[in-house]
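The data blocks that follow each hold one structure.
Below, chain A partners chain B and then partners chain C, in two separate complexes.
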Partner chain A sequence: MSGMSAVKLRGPEKTITRAMREARIAYWVIIPFFVYIAIWNLLPLLLGVLMGFTEYNALTMPTWVGLRNYIRFFTQGDYLTLLWRQVWIGLICLSLNTVLSFLIALALNIKSRAKGFFRTSMYIPAIAAVSVTSAVFVSLLDPLTGGANRFLAGMGIDPITWNHSQFWMVFWVVVYFIWRAIGPATIIWLGGLQGIDPSLYEAAEVDGASAIKKVRYITLPGLRFVASYIILTGIIAVMQMFDIIMFLTAGNPFGQTDTLMFRIYRYGAVTFNLGMAGAAGTILGIVTLLFAVVYFKIVLHREAREDA
Partner chain B sequence: MKKVIFVAFFAVVMMFVLIGCGNGNGATLTIPYIGLTDGQIEVATDLGEMDMPYNRYMYGLRRAIEAELDDFNIEFVDWGWAETLDAQQRAGIAAGTAPDIVVGEIFMPTYANEGILRPLPQDIVDTVNPSFLIRDPNGVPVAVALRASVFMLFYNRDLLEAAGFDSAPRYWDEWQTMSDAITELGNGEFWGGGVPSFPHAGGALRATPFFRQNGTDFFMNGQVMLDDPRLQEALEFIRSMDRNLPPGMGNAADEGPMWNAFEEQQVIAFVVNGTWQATGAERNNMNWGVAPLPIPRGGQEGNCLVAAMYVAVPEAAANPEASFDIIRIALRDELSSIWLDDTVPSPRQDIVSNPARWSHNPPLAQAMEAVAGGQVTGLASFPQNDAQIWEIINTRVLARTTITNDPIENITAEALADINNLLS
Partner chain C sequence: MHKVTAVGLRSLWYIVMLAIAFIMLYPFIFSLLAGLNTRTEFGHLGALFPVPSEPVWSNLLIIFTPRGIRPVLNTFMRTAWYTIIVCIMSVLMGYVLSRYNFKGKKFFITAILTTQVIPGVLTLIPAFVMMAHIPFVGGNNWMGMGGRGLINNSLAIYLPLGWTFLIWVFLFMQAMKGLPRGFEEAAEIDGCGFWRTIFQVIIPMQLPIIAVIAVNVALGVWNDWLIPFMYISDIQRSTLPAYLGQLVAALQRFGDRDYPRIFALSTVAIIPPFIIFFFLQRYIIQGIASAGIKG
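This part shows the complex of A and B:
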């Protein structure tokens, strides 16, 4: 019996496997990045959402106003018009950029000594500062001395007062957007094109497929995921677009090219209506998320249907 | 174990590195004891430009401050101007690190309305002309302009003479007639000129004198005056004058082309601008002249302060007395009179009331006479959402007036509805 009293009862040994040890190390490595994201992304996001429930101009303490800013967004002023304008201008920019960049990628996907030059040329606008290149565009559009009207005059066409027309200012916003964004999209399309197995084209060649059929049945299905990436990131980009509007049109003529994101920027950094900026920003974020989710669902649905 | 320690160390280092990177430029965070917020720091390091009055003033001010307030560690911070400066100051105020002196122009009435500024000591108030003060809603002076200008009518004598005119217009209808004639003669090569309606504060500032000449303003006695027939009449005048500006120039977001067209290309006969325009005209060897702004028949003199450099001491200032001392230094005669060399009015009442000090300079004399009555103020300010309301006025009233042919009554009624929403 005495021997039995000497027995120590111990719980089961903790067994740490190699995989668990590696996972711990991985967590330690990842933690700083999570902390960084939490501090610099999640916290401002949360504060922005909270601000939407306040009235705040950064001079006096914020006042809690509940849903008032959200109610105003949907019932007063022109916020819905601004949201709609953000969507349709963004849609034009995104669709034209996606199609044109694809066509250019097809054209650049050839064996030629000059292809490096052309690819680089396509990308250069994307690395130039928006503030600088948009200033060039603005000077081109000067009604009196701008290059655009001088060009028209050379063609015998009457000058256009660009900044008096919503149509023309949106036109130039789209041109500028595509000029800047087409390079990166083209490079991504090109990456996708070069990832398609060449033997598929060779097989199609043997079967006598035309160029259009090769694009239809080999190229496009092979670029499905690349297209998803370009369109998803494009949706986010155009729904956040404000710098081009700010530099090129400043919302003119008389607010006809003003967009929700540009308004949010002004409320946040120029006119200090921070409560409304928070509410409008939250709504724009939700709308953007909805667009992205709907598009993602469509892609997944199509994929599932094709797999079936 | 060594591996775990290494990884933990690596993780901590990475966290600090990443947070450090996220801190932007990594500048030292020094809270200023006394901050003079403007681009003025550049002045002291740019002695090559000391012949310019602006720089002489700023450098003299800084030297005096540093000599006389040697008990303080003074940090001069360069926070730009306009929206940039406003944003920086508000960030400081919100974070509890407000500068001891805040500076600004069109947003300073908002600071005053919010009650965040300390009342100016009486000796400062007594030193300056009342035109240069901003008062809080209780009528207490809380900010003072170290300098300010007013608008005038600058003209190109050559273009006037080409059209058979030898003197500046005194009334709106005379100006309209002259400007129409010059535009017609110019036939697309040169223009008569009119009242700019830039879709930003530059437009509102230049349009405001014409409302005041008609006895009204955008906001008076607690009322938005957009439905005032006198204001609508002035808008009609601004619209009819706009056809004498090159297409798209009067309501462009960028002011630059208009001033270039006047001084460099010399293709616009009349511009409405501050007294500094005299310097630009001289620089470009123009045959120029200047006159008070034309007024409507039966109207009154009216103007608006522009390029005002207001300073004030916020309630949150850590050293209010020393800050007021800085303002006293900035208003001393030996410094304040430097502005006269720049054709810019000084706020000192003893200078304003002494024509011997400025009558030799015609544009300055006209500006001084305009402010002497003490009634000229900056833009009107609204009790709340001031900046958003001005945005509506700038774009959907002024710019729309000259861009479209929409009835003025419709333009003002739609804007009034939106403004009332912001005031409700």
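This part shows the complex of A and C:
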């Protein structure tokens, strides 16, 4: 403690040089990282927006076409269908995942020696890359030799040609998404549940509240921030989901499971329709942020009303 | 009566949770079993549990061939590289942002948080295009035209630094709030400068949070198949998960399907994350939970 007061006694001119020294170090540390990250992230972000106003195939110089790509997006082709499909498939994935992970977190939020094992098993799918685990689903769904149809045959059910049905392919995309995403969401919910003050439950018990009432009036309000986090990151994730689609269905049957993000990926990395990729990417990015903002506004508005 | 229902509920809980745990683990069991089949046997079996009549362990050794080992080594090198870089970045930036006062500090913190909500779709394709147009490399002229830039060049999977990594800077900043300033002040009185304070005070005191960052970054980079998949087509310069991505994407086309090879490679690709997970599970869980609660 005597050391600390000694520092303070050194007088004002020392303090100023110290502040300057700190600022100099801080800039030396932060600015190189910021510049480097800006080169690899901010620059592409701006280039992508610009690219949307050009016609560009990566071989010849881009030509400026103004709003043509944007007009085309909203008037021609199947872009709006693809955007809508991205939204509804994403909505199914996100809402089911949010609800199921919450239920499992509730089930795991008890004292049990087996709890650790179950929590671990929930999380394991998330530690393997999509490219590493999706082959299992592809193989099982093979219409002729796949395990799923053999299993159905064993039960006396007619085999299903999975990859000829939009319903079944979306079904399996959702199953795969949840299989992978449920673990992290469960852990975040569990973290939120454990953060709730136990004395609130004790007080409710004294007042004779039922289990459902405890969930409604203590658990759910206590999880507001955790819920917002899961849903906001979830919105951003599902609106850009294309890897699962690419590996499980490749957009088939007949493009009926193709989504906007998968199309953007193909335009960008396969067919080099870069102008359209830029425009569609910008639109999808803005739509994603709009969803996030709308969600945020609804939550904030409701909370403001509840607090009032 | 009350006791009977309690026991019943407990058993029901166990049955349901065991069923869920089984579903979560099933694809890994399938992958392991299928990878030990011969191609002909796998084609005939088509079972939910493709137990091989005679396990072909040599399938797993595919990676120890001269061509097979490169993608594995690349994955290790890339993982190590990004883990080190991100840890250095998080410690240095997190430290100055939490302890030093300077103009623009608020701006930097806001910028870090803002980048976390920017959808990746906005940068994915343009970054790829930019990589192809870096001047003076891969046959490009000064305008970045004419060649293929860093596409298919090993550097492409080491140079980019995604801004999603900045979340770990924020996490380190939060962790600094829990460390009393007394330690640094004592070090300063002993004459420690910036670097010595970092190495002799901050890093030793903050090892747990650095472990959280390292483990989560390592897992994420090991599993990042997309960047190598997009930027590099030559598997000798690519990573194992990206190579698997190529093989799995090809399954959607017509043609010959060597499932056992894919599953054998998958098994190998899962082993390092599994090892990290089983030994360092609490760091991963803590990373997820704190990103959710503090973020």
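The definition used in the following text is that the second predicted complex is superposed on the first by the 274 of 308 C-alpha atoms of A that agree within 3 Å, B and C clash if a C-alpha of one lies under 4 Å from a C-alpha of the other, contacts with A are read in each partner's own complex, and residues count from 1 in each chain.
The rule we apply is simple: a residue touches a chain if its C-beta (ideal position, glycine included) is under 8 Å from a C-beta of that chain, and two chains touch if they have at least 3 such contacts.
All figures in this text were calculated on a predicted structure; none of them were measured in a lab.
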item: Simultaneous placement of chain C and chain B on chain A, clash or fit; value: clash
item: Chain B versus chain C as contact partner of A:145, first or second or both or neither; value: both
item: Which of chain B and chain C A:58 touches, first, second, both or neither; value: both
item: Comparing the two partners chain B and chain C, which touches a greater set of residues in chain A; value: C
item: First (chain B), second (chain C), both or neither touched by A:134; value: second
item: First (chain B), second (chain C), both or neither touched by A:266; value: first
item: Touched partner set for A:40, first chain B, second chain C, both or neither; value: both
item: Which superposed partner A:171 touches (first chain B, second chain C, both, neither); value: neither
item: Touched partner set for A:29, first chain B, second chain C, both or neither; value: both
item: Chain B versus chain C as contact partner of A:120, first or second or both or neither; value: second
item: Partner chain in contact with A:104 - chain B first, chain C second, else both or neither; value: second
item: Colliding region between chain B and chain C, picked from 151-159, 223-231, 259-267 or 277-285 after the shared-chain fit; value: 151-159
item: Contact residues common to both interfaces of chain A (with chain B and with chain C); value: 25, 29, 33, 36, 40, 58, 138, 142, 144-145, 249-250, 252, 267, 269
item: Partner chain C, residues of chain A touching it in the complex; value: 3-4, 6-7, 19, 22-23, 25-27, 29-30, 33-34, 36-37, 40-41, 43-45, 47-49, 51, 58, 61, 104, 107-108, 110, 112, 114, 117-125, 127-140, 142, 144-151, 179, 183-184, 187-188, 190-192, 195, 225-226, 229-230, 232, 236, 239-240, 243, 246-247, 249-250, 252, 261, 264-265, 267-269, 274, 277-278, 281-282, 284-285, 288-289, 292
item: Contacting residues of chain B [partner chain A, same complex]; value: 3-4, 7-8, 10-12, 14-15, 18-19, 22, 83, 86-87, 90-91, 93-94, 110-111, 114-116, 199-200, 246-249, 251-254, 257, 261, 385, 387-388, 391, 395-396, 399-400, 403-404, 418, 421
item: Footprint of chain A on chain C - complex, ascending; value: 13-14, 16-17, 20-21, 23-25, 27-28, 30-31, 34, 43-44, 46-48, 50, 89, 92-93, 96-97, 100-103, 105, 108, 111, 115, 117-130, 132, 145, 159-163, 166, 182, 185-186, 188-189, 194, 219, 222-226, 229-230, 241-242, 244-245, 247-249, 251-252, 259, 262-263, 266, 269-270, 273-274, 276-277, 281, 284-285, 288-289, 292-293, 295
item: Contact footprint of chain B on chain A as seen in their complex; value: 24-25, 28-29, 31-33, 35-36, 39-40, 57-60, 72, 76-78, 138, 142-145, 159, 161-164, 249-255, 266-267, 269-273
